[in-house]
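In what follows, a single structure is set out as structure tokens and then discussed.
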Amino acid sequence: MKSVAVVGASGFTGRELLHLLRRHRGVRAVPMSARADAPPRDSDTQPLDMARLGEFDGVFLCTPHGAAATLAATAVAAGARVVDLSADFRLRDPAIYEQVYGAPHPAPEHLAEAVYGLTEHARPAVRSARLVANPGCYPTSVLLPLLPLCQNGLLDEAAPIIADSKSGASGAGARPTERTHFGNVHENFLAYGIGTHRHTPEIHQQLGSDRLVFTPHLLPVFRGILSTIYVTPARGIDDAAVRSCLMEHYGGEPFVAVLPDGTPELRDVQRSNRCHIAAHASGPLIVLTSAIDNLGKGASGQALQNMNLMLGFHETEALT
Amino acid sequence: MKSVAVVGASGFTGRELLHLLRRHRGVRAVPMSARADAPPRDSDTQPLDMARLGEFDGVFLCTPHGAAATLAATAVAAGARVVDLSADFRLRDPAIYEQVYGAPHPAPEHLAEAVYGLTEHARPAVRSARLVANPGCYPTSVLLPLLPLCQNGLLDEAAPIIADSKSGASGAGARPTERTHFGNVHENFLAYGIGTHRHTPEIHQQLGSDRLVFTPHLLPVFRGILSTIYVTPARGIDDAAVRSCLMEHYGGEPFVAVLPDGTPELRDVQRSNRCHIAAHASGPLIVLTSAIDNLGKGASGQALQNMNLMLGFHETEALT
Amino acid sequence: MKSVAVVGASGFTGRELLHLLRRHRGVRAVPMSARADAPPRDSDTQPLDMARLGEFDGVFLCTPHGAAATLAATAVAAGARVVDLSADFRLRDPAIYEQVYGAPHPAPEHLAEAVYGLTEHARPAVRSARLVANPGCYPTSVLLPLLPLCQNGLLDEAAPIIADSKSGASGAGARPTERTHFGNVHENFLAYGIGTHRHTPEIHQQLGSDRLVFTPHLLPVFRGILSTIYVTPARGIDDAAVRSCLMEHYGGEPFVAVLPDGTPELRDVQRSNRCHIAAHASGPLIVLTSAIDNLGKGASGQALQNMNLMLGFHETEALT
Amino acid sequence: MKSVAVVGASGFTGRELLHLLRRHRGVRAVPMSARADAPPRDSDTQPLDMARLGEFDGVFLCTPHGAAATLAATAVAAGARVVDLSADFRLRDPAIYEQVYGAPHPAPEHLAEAVYGLTEHARPAVRSARLVANPGCYPTSVLLPLLPLCQNGLLDEAAPIIADSKSGASGAGARPTERTHFGNVHENFLAYGIGTHRHTPEIHQQLGSDRLVFTPHLLPVFRGILSTIYVTPARGIDDAAVRSCLMEHYGGEPFVAVLPDGTPELRDVQRSNRCHIAAHASGPLIVLTSAIDNLGKGASGQALQNMNLMLGFHETEALT
């Protein structure tokens, strides 16, 4: 049995991780709360003690960005393997971090070793990493359908890519705010952060290109992200070729399914670590649709998938 | 006092019209049901009698496509002014109609005189029309922000336009189906009809171009459509120029508002005939967002706006 | 034209009042905000100035209990007619107020003149009142069906009365809290405050009896209260007699409808000042069901109904 | 490995059973569809072949009442152990069945041997039963809190018991109907079947008394039932005594939890076989609240719990 800490156990991603870890046959999980004022959901929740982080084989950081970087540095130095669910180690360039998050990076010396943990595209590096930056929920839903197409040259490299993404309210966090008040979400829908959302630089970095335009929306559901992505195929490429490329790339993957027909629905991926992808022709473009649970493959599910690899468990342990 | 018939009073658009007409100070409304099996919602609902359609000053057709064309022909011949909420007279070319709806057009001789009633863009023609084809809900939400930009040359004419639209469940009609079952809509979200939706040719016709790619989605709300539209500006045009153009075009309009900041939300337009529009820069593109109530400006509200013009009432009567 | 102030314009009841007052043909409404930190919803919102309250013909108080009492005393002394939507003047006995609200009553000298404004049962007193205590939302939904039956001796006076009430989330207020977070309301349902809810003493006072047992529940809807009330009829009384009594009592009322068959649904009363009531036999008991909009007849609608009477307008002005 | 058939695999309870059985380590499940027109959800679904029912160790019947009785008789005669999720064998008296369901009982010769499978109250009989009548969802939520109190004499036997129950839309079945249309459930709430619901005789039979008054309501959620039950305690009994009795009775149960404080919420039991119960004093009465998932402990979960006992598996297999 290995031991892992879940730091930031009172938020949605921390609670989801603890829920998943109850089924894990190889680890014992200890919830820790970084906030003195957070109501402990679980009587076993312990106050965060940074001196103890090295006692754990693995540490999940479910704390806000900024705070996570310092904790990660401490835990890594003490010998724990760390999966950071915050944004702190996703952007490789500290200058971009400062621009996006409005403060200097708290632990830039660890940026170089951090592995961007989109598992299906980083398996060997994740296995040996001390520090994994768990991808953002929106980037996960956008990158999984796009990366194989970009890497195989199926897209027109001059044309913009448009990702129109819609996320459930759990993406906005457990803290009560105007935005998450029932009266503002229920029977409502809106776009936000057009042209300015913090996940855009993260997607650009992973695509190696800034030609992606990203628009997030707030859905009146609790769980799930559906991204509708518009790409211009390279000359001679049609939707069948796109589907084939995706099926070939993800054919052996336990958590990514490319649908032969139909379109992804949130309910087929909710409460799972799965990503469902489809591709359809529409006029001169190809429309990719992808669905994940933002707390599953978009956060805690993928974090556990990564930690499983880091600690030598089967990748799907406690995830199926 | 004038008299109007609402044919197809048991569906969502018929009921909405009757609800609006109760506040109208100049007309007496008679609900008529075309379906023998439809449960009358209103004890005043009369069975449809085609011989009587000429007794009315105005006739609203809330019946399915196909059936509406025949009723329209009869009513127009008998001297009534007709607003048809079905798709029957939206497409000018009967060959395209047959291709889209799978049957020959039932009354092609009336296609030439039918006015496409996107009110803000067809006021004089609507005023004198005998037959108005009320626009589809999705096309209304897409055309209102796009038309002024196309007409004023603000868009790159070579680039595709992408309309990613999300509609509440009332758009799928009152008849119980798999798609509208609570269990399939609630806490769910999906795209449908990618590349094949029947509203695409209607939008293409009105834009005078087939470079628009349209993807509809089913939202877990009852009322409202939000369209997120991605356009490539012509050289030298930025989001401020786009906003100016829209504000100038719609400055005097009672039902169309261009937001100086923020983004449209469904709740700000629900149960109204309003359309809220915003424009933001995002990378090389401009993102237009527009919100309407699909039963309001997207159907019954716009139908009444048109009928008000046809019968000589103030355009906003019973709509504010 | 008369002038009215709406103090506490940023909460749900204040906003609803301002929405209703826009349609009022006899008053000009001034929104005032008591909270420096509240985001003004309306650019016309003025900071609260107690010295000015006497300038208004009428003052609506949409502030929290405790604060309202002081404002009411000031406004009444300055000559304004006041409708207080808080709980401050609902309980006649200051000792019970202190027990329920945990602090001495801030203006006990005004308790005697305050009229409990369940309009249909207090019309003459409301007309001449300087200060109306607007009933709570739950009490309104419970008292309207019960009072005629109690007053006419149709109920067994020895048996308990059970009111099982279910309210939408708008009843919990606009301030973001754990309870009103989308994730805690959506796809959830629960009872709360069993045996201890603050509205129980208010209902007991108006019934003149403490034999009513009240249980509130939080519904995943935004607007509406449905109360299911179980009463034991007096000997010889059946459901038909109960319906007759209610129909006779409310026959001429513009806002209360007793259904001859079927049961009340929230959607039939949402966004209205109506109350729908039904009575059915069920074993030895009679089951009363009543539906209101908690922001309508349960708060702002009834407040305006009362103010209309106080200022000499038709009772239904801006409410139909 | 044992084999079980799930007959009626296209409805909500059939699908839920198949979902649960995928995790079962001791059985292989075969979905069968009784309806030629039902869309097969699972490509493995086989058409119903009554001659084959004897090949299975266990048969779950998820078919409508009436049809289930004939299938049950066939399967039992062929040697299979049967759990019938329909209402066909819940009422012991065929005369009451005929009165409630409007047709003579199709297999009255099997009524005597059918065991009413409220597992916690019928374990030994379920273990040896050939035919288990799985309890209704509402009755399960009402009987679990009530039975220990009735059996131990904690209730005043002369007073009526009131069960005010609220169920999610999945209780109304997968077939599209007016009642389950998104537009009729979402942002709505209503009582139905007051004094006439078919589950009332089932509850009366199990209580051995007809003094229970039952009112069902339709909640705008997909999963879950919350019942609020009002009982009059026997002389000298308070809420602490009621809680003690329930805790003692259910202390060792894997699926029933009596809450020491707080109240049950739907989200704590959704997607589980659990029942959460609380008891609070309220005036002269005790208020019991109980929450289950209507597709879990209210249907498919309890059905599997029963089948586990019948086939010799651990009772909790595939249920935790």
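Chains here go by letter, A, B, C and D, matching the order in which they are written, and residues are numbered from 1 within each.
By our rule, a residue touches a chain if its C-beta (ideal position, glycine included) is under 8 Å from a C-beta of that chain, and two chains touch if they have at least 3 such contacts.
Remember, predicted model here, so these are calculated numbers, not experimental data.
> Any idea if chain A and chain B meet via the same residues, over half in common, or different ones?
Same, since over half the interface numbering is common to both chains.
> Name the chain whose C-alpha centroid is farthest from the C-alpha centroid of chain A.
Chain C.
> Using Cα averages as centroids, what's the distance between chain B and chain C in whole Å?
Taking the mean C-alpha position of each chain, the two centres sit 39 Å apart.
> Distance from the CA centroid of chain B to that of chain D, rounded to the nearest Å?
The answer is 46 Å.
> List, in ascending order, every residue of chain A touching at least 2 other chains.
Residue numbers touching two or more other chains: 186-187, 220-222.
> Of all residues in chain D, which touch chain B in the complex?
It is residues 12, 169-170, 174, 176-178, 180-187, 220-222 of chain D that touch chain B.
> So in the complex, the part of chain D that touches chain C is made up of which residues?
160, 162, 164, 166, 187-192, 194-195, 210-215, 217, 219-224, 226, 228, 230, 232, 263-267, 270, 280-285, 287, 289, 291
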